[in-house]
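Labels A, B, C and D are assigned to the chains in the order they are written; within every chain, residues are numbered from 1.
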């Protein structure tokens, strides 16, 4: 056992972080927000070509030497590290669906994909991110296990004002056409991978919330000292970190387990736990970050609100908390748990 | 509207507080704890005659001049004030059942009564407090509305080690005999009153938790200052008060409403809310009080544990949180709530 | 303990209800929230109606032009207007609830004559210039400078979170008149005419996306010394005095509004099936208990204030509990709405017809984020409860 | 990132499992928790078995008589012994996990020869004399005084929370040897023989009702100067050095135990119907996620320690999360048990046969209350995370 990142993994992580700091720093982020809703950028996908060229979407695709469509042949372990970074950078777009479509449905470079799962009545409108910009839509049916693909133009939808300015949403109206079957792709696996990658985005975002809160608390003075010297602020920040790091460990461990071929039942419990904890770390972290910023956090200019709004979006993407909690509860009663150390600890 | 206590109510409150400080101060409390479990005091009821003579159980009984069995003819408003005080003093015993039996079943002075409601399977053993010391057992059936009375000797039961040393418990074994009908007493009303009086005990206990924590925090020094000067401790204490005072307001308002003849449906929602909030204030307050005490709170001698254990006992007495929450939820959909300010605000 | 109306209170409630029933059907629907002039017109027109009907300044003393109502009657006013869906105090907020009472208590007879009638009739709109970029929770750190020059102060600095600044006639302004005195002792309270040269208003966009507030830039603005309320350098005390005017009624109307929203949310949950989730359903029940208790706390605080005492367990306990309960209400709404929580209502009026979007729960959720920050963060409220209510010592020098 | 055993780790695990499978059936059941001499016999007998089988001091360096295992192998040891239900380290806790490693790192060759073998073989039992009535969270405030007199220190004072003091042979003792030096610089680390004249042990009853700890009263106790480990007045550093021996493994076995308890609780809930309550059921699921993540955090911390680095996100983050999760586990157990949460199991061995009482969830709930207090309160842990991990400034003198 060695849970530390390998040198290659560290290189991947720092390389992507540096790329994103250069290409999607505070100014570019603000410009994207300013452009959103103006119509100018709604169909655009900020940074898409750069990320595609950097291999974000094709990390897990098998290598095919000399061919443009070849991937890097890496695993979910590397993918979650990369998605932590794009989550941290607040890069918008249907990142997860695009990665899934690249890996499982041969989506060509520089294109974007969406994903749409029918949900039970009463769980709100059926929403698709950036519909007009998509090349393809994946339709996983986790009951039959089948995945179908659909041309976005086949959907009737209307634009909605999304709560996150960088996540424009379209509401599907009327029935979703059947689409074409995608043979060889398992809907459950697709959903699980999407859930895990979304959890990685949340972990990155939660980490940014900690760093942003701490940075502000060191610099902002009230009552003659940095507010970060007040125990109330210190404890808010400490709890933010204490939610983020276990979630990060859970996300990475689930990815490592997936790459190592952990059985599906066990893996789905690990992924459910990772997403649930990552959602909590991100949503509560962004909330606390806003609280640390006081009035400044309530302004549009301060960017803090973007963290919270994006965390809400990811929380609503792929497995949501009630669904994950049920998977976890079910996992507690898998045979063999009554004795011994139980499930999950065992895979060592 | 004037929600302040009247002069008579203040006199009742301070009189009882002084009586209890004199008769059930820290030393008497400790002696009672030391005696418990030794067998010597298990059947005894500390302070019972004094409380009975002070009118605690007969407050709400109609006056009958010149007769020993007459009461003070007061209302639930006065009863909850009195029960706040005995809750604060950590007086043990089946206080609520004795009050109910005195008011509704002509229990003579100086005697004690118990109460026992059949509960659904799986909710744990059927427990009765201090069974051997009881003169009578009330059996409310909230489904039929009927209340029956039973001689405790008719029950087969075995003693259990209660978590609260001052609340010895007997577990009923085998079926509960039917008992004799108590005509004119409504089981729903009895249950609601018992719930409200228990909530009053919790509010008193929660207030003691605040006072105990604050008192200790002012006196205990670490790192060169009283621990109460640390923001973390200050905020723990502030939150304790912020849970206690709304609960206190809810308990008193429900009692005032009951005396003023608020309709049963509305009253049951108010009482459910009062009990739920009082349980939270007491249990979490006692927990936080223990945390403020640090290692000292973990000792048997420090009395802090008695607060928490008693709060657990009251939390499990009469309506518990899940039941109360359902009553409150149901109350949200009572007709007429869709428009206007809604239920509860209305009774003004 | 008595929660029923006295005969006088019942009479006041009946009269108010009757009047509201008569006039509300005629009140125009609220304008686009981004149309500031229209909002001013709408809000001040309502104030004028109250004024004409004898309901302006219900809680103000009679000698200041108010109705001299008891706190309990003022609570009835807040409750009944909110229940009936009457317009919110809106642009008249600062004048009616803050600047006006301050002038009534601390102003000279001339100052009272000059400014109070315009507030009561809705003729003049006020805004508040207290907070600064460097003075938020720590208001006494304010640095906007006022230098005496003849009969004027020359004021330079900037203010933040100034609501309705775009359409205000006057601004209650805290300035530093003595830079050498201890922080709380060098502050004065001025009335700034918003049309004075050197005043610049820059709208401040909030995370909701709208510009409910503004920044105020003051560049050598001349304010007559006659516009100072209270003594020079006594402005901190003057400000604190005003707060006592609330007498337990702060946020009272909002509790009524939250209880209505909660009942609507329960209805929504029943319709969309979320009600079947026992965890969610019970959370709604728990929140109902909390808002119910908060209303009782308001009644308690108001009763104590009416009796001349300290307002019950205190405004800070109430503010702390209310802010958190309101945030939880809208978080719970998001859980009930599912994916609907990720979109805002379409129309500018916040209504697009579909269940769960027409009331714009999402915008309210965003709005609610300010509750644990504005008017004293929850951290500051806990400090106040701990130190002033519970008597714990101030942090020392360990 | 690799979570699978290396071949060497797999071999170690296999060997350990085989051995545990062989010896555990012979291990007697644990004695009455109030019978201290019997507990000592039971715990040290298990240590002797480990010693004979080559598992004593798995994580100790070879030159100290240990097995020189890697942190990862030590984690396997903790995991497998807990899974198999092997006896808890018990009376050997202080010697094996604290005093021993301290002497191994800081003691003279003679001190190591004198004390380490007895710890490893279970021949000698140690207790810890650190905390005092006036020095809890603020350990450096300790006041127990040691005055040099020839070749002895004369020690006077009192200590709290001394576990197994009734049956200990030795006590690792922190004393103040220089009352004039800054707090952290006047402390020394001594080995106190528990049979020395002037040592009084008074059992300390906890809220569980048992006497797991003791108070230690020291009245002019003579301790040879030769029993001082490290330099005079350097005891604070000596103590801190020891903590680094944990290398991310503190509470690791307890995480395994909690996961087993959670699975048992889920089974109980299924049997008694509490499982039908979706709120309760999902809370069990959430807790499963938290304990699962805590195990991953342990693996991370151990991996970092093994690589010689700072142990992952740090012991304080882990301690904070684990303490709270464990308390919530037993609160949840109370919700599942219903009225069963109000009684303790009948038998002294904690078993009375009935479902949900045999494992004494109530006693464990009480025990769990110490987790946010002992070994650094959660408040102190948050201070450490904020100041040492996140680099926030120390509170100043505002």
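Basically, a contact is a pair of C-beta atoms (placed from the backbone, for glycine too) under 8 Å apart; a residue touches a chain by one contact, two chains touch by 3 or more.
Being a predicted model, the structure only gives us computed values, none of them experimental.
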{"item": "Most remote chain, CA-based centroid, reference being chain B", "value": "A"}
{"item": "Pair with more cross-chain C-beta pairs in contact, given B-C and B-D", "value": "B-C"}
{"item": "Intercentroid distance (Cα basis), chain C paired with chain A, Å", "value": "39"}
{"item": "Geometric centre distance via CA averages, chain D-chain C, whole Å", "value": "53"}
{"item": "Multi-chain contact sites of chain C, meaning residues that touch two or more partners", "value": "277, 279, 282, 379, 382, 395, 397-398"}
{"item": "Per-residue multi-chain contacts in chain A, two or more chains", "value": "223, 230-233, 235, 322"}
{"item": "Touch list for chain B against partner chain D, complex", "value": "119-127, 160-165, 167, 169, 171, 221-223, 230, 232-233, 287, 290-291, 294-301, 304-305, 308, 312-313, 316, 322"}
{"item": "Residues of chain C touching chain A in the complex", "value": "131, 134, 136-138, 141, 160-161, 204-207, 209, 271-274, 277, 279, 334, 337-346, 354, 356, 362, 366, 369-370, 372-374, 377-379, 382"}
{"item": "Footprint of chain A on chain D - complex, ascending", "value": "1-6, 9, 13, 72, 75-76, 79, 82-83, 256, 259-260, 262-264, 266-267, 270, 281-286, 288-290, 292-297, 299-300, 302-304, 306-307, 309, 312-313, 317, 320-321, 379, 381-383, 385-387, 389-398"}
{"item": "Residues of chain C defined as touching chain D within the complex", "value": "277-279, 282, 395, 397-398"}
{"item": "For the chain A and chain D complex, residues of the former touching the latter", "value": "1-6, 9, 77, 210, 214, 217-218, 223-226, 228-231, 233-235, 237-239, 241-242, 245-250, 252-253, 255-257, 260, 269-270, 272-274, 276-277, 322, 324-333, 337-338, 340-345, 347-348"}
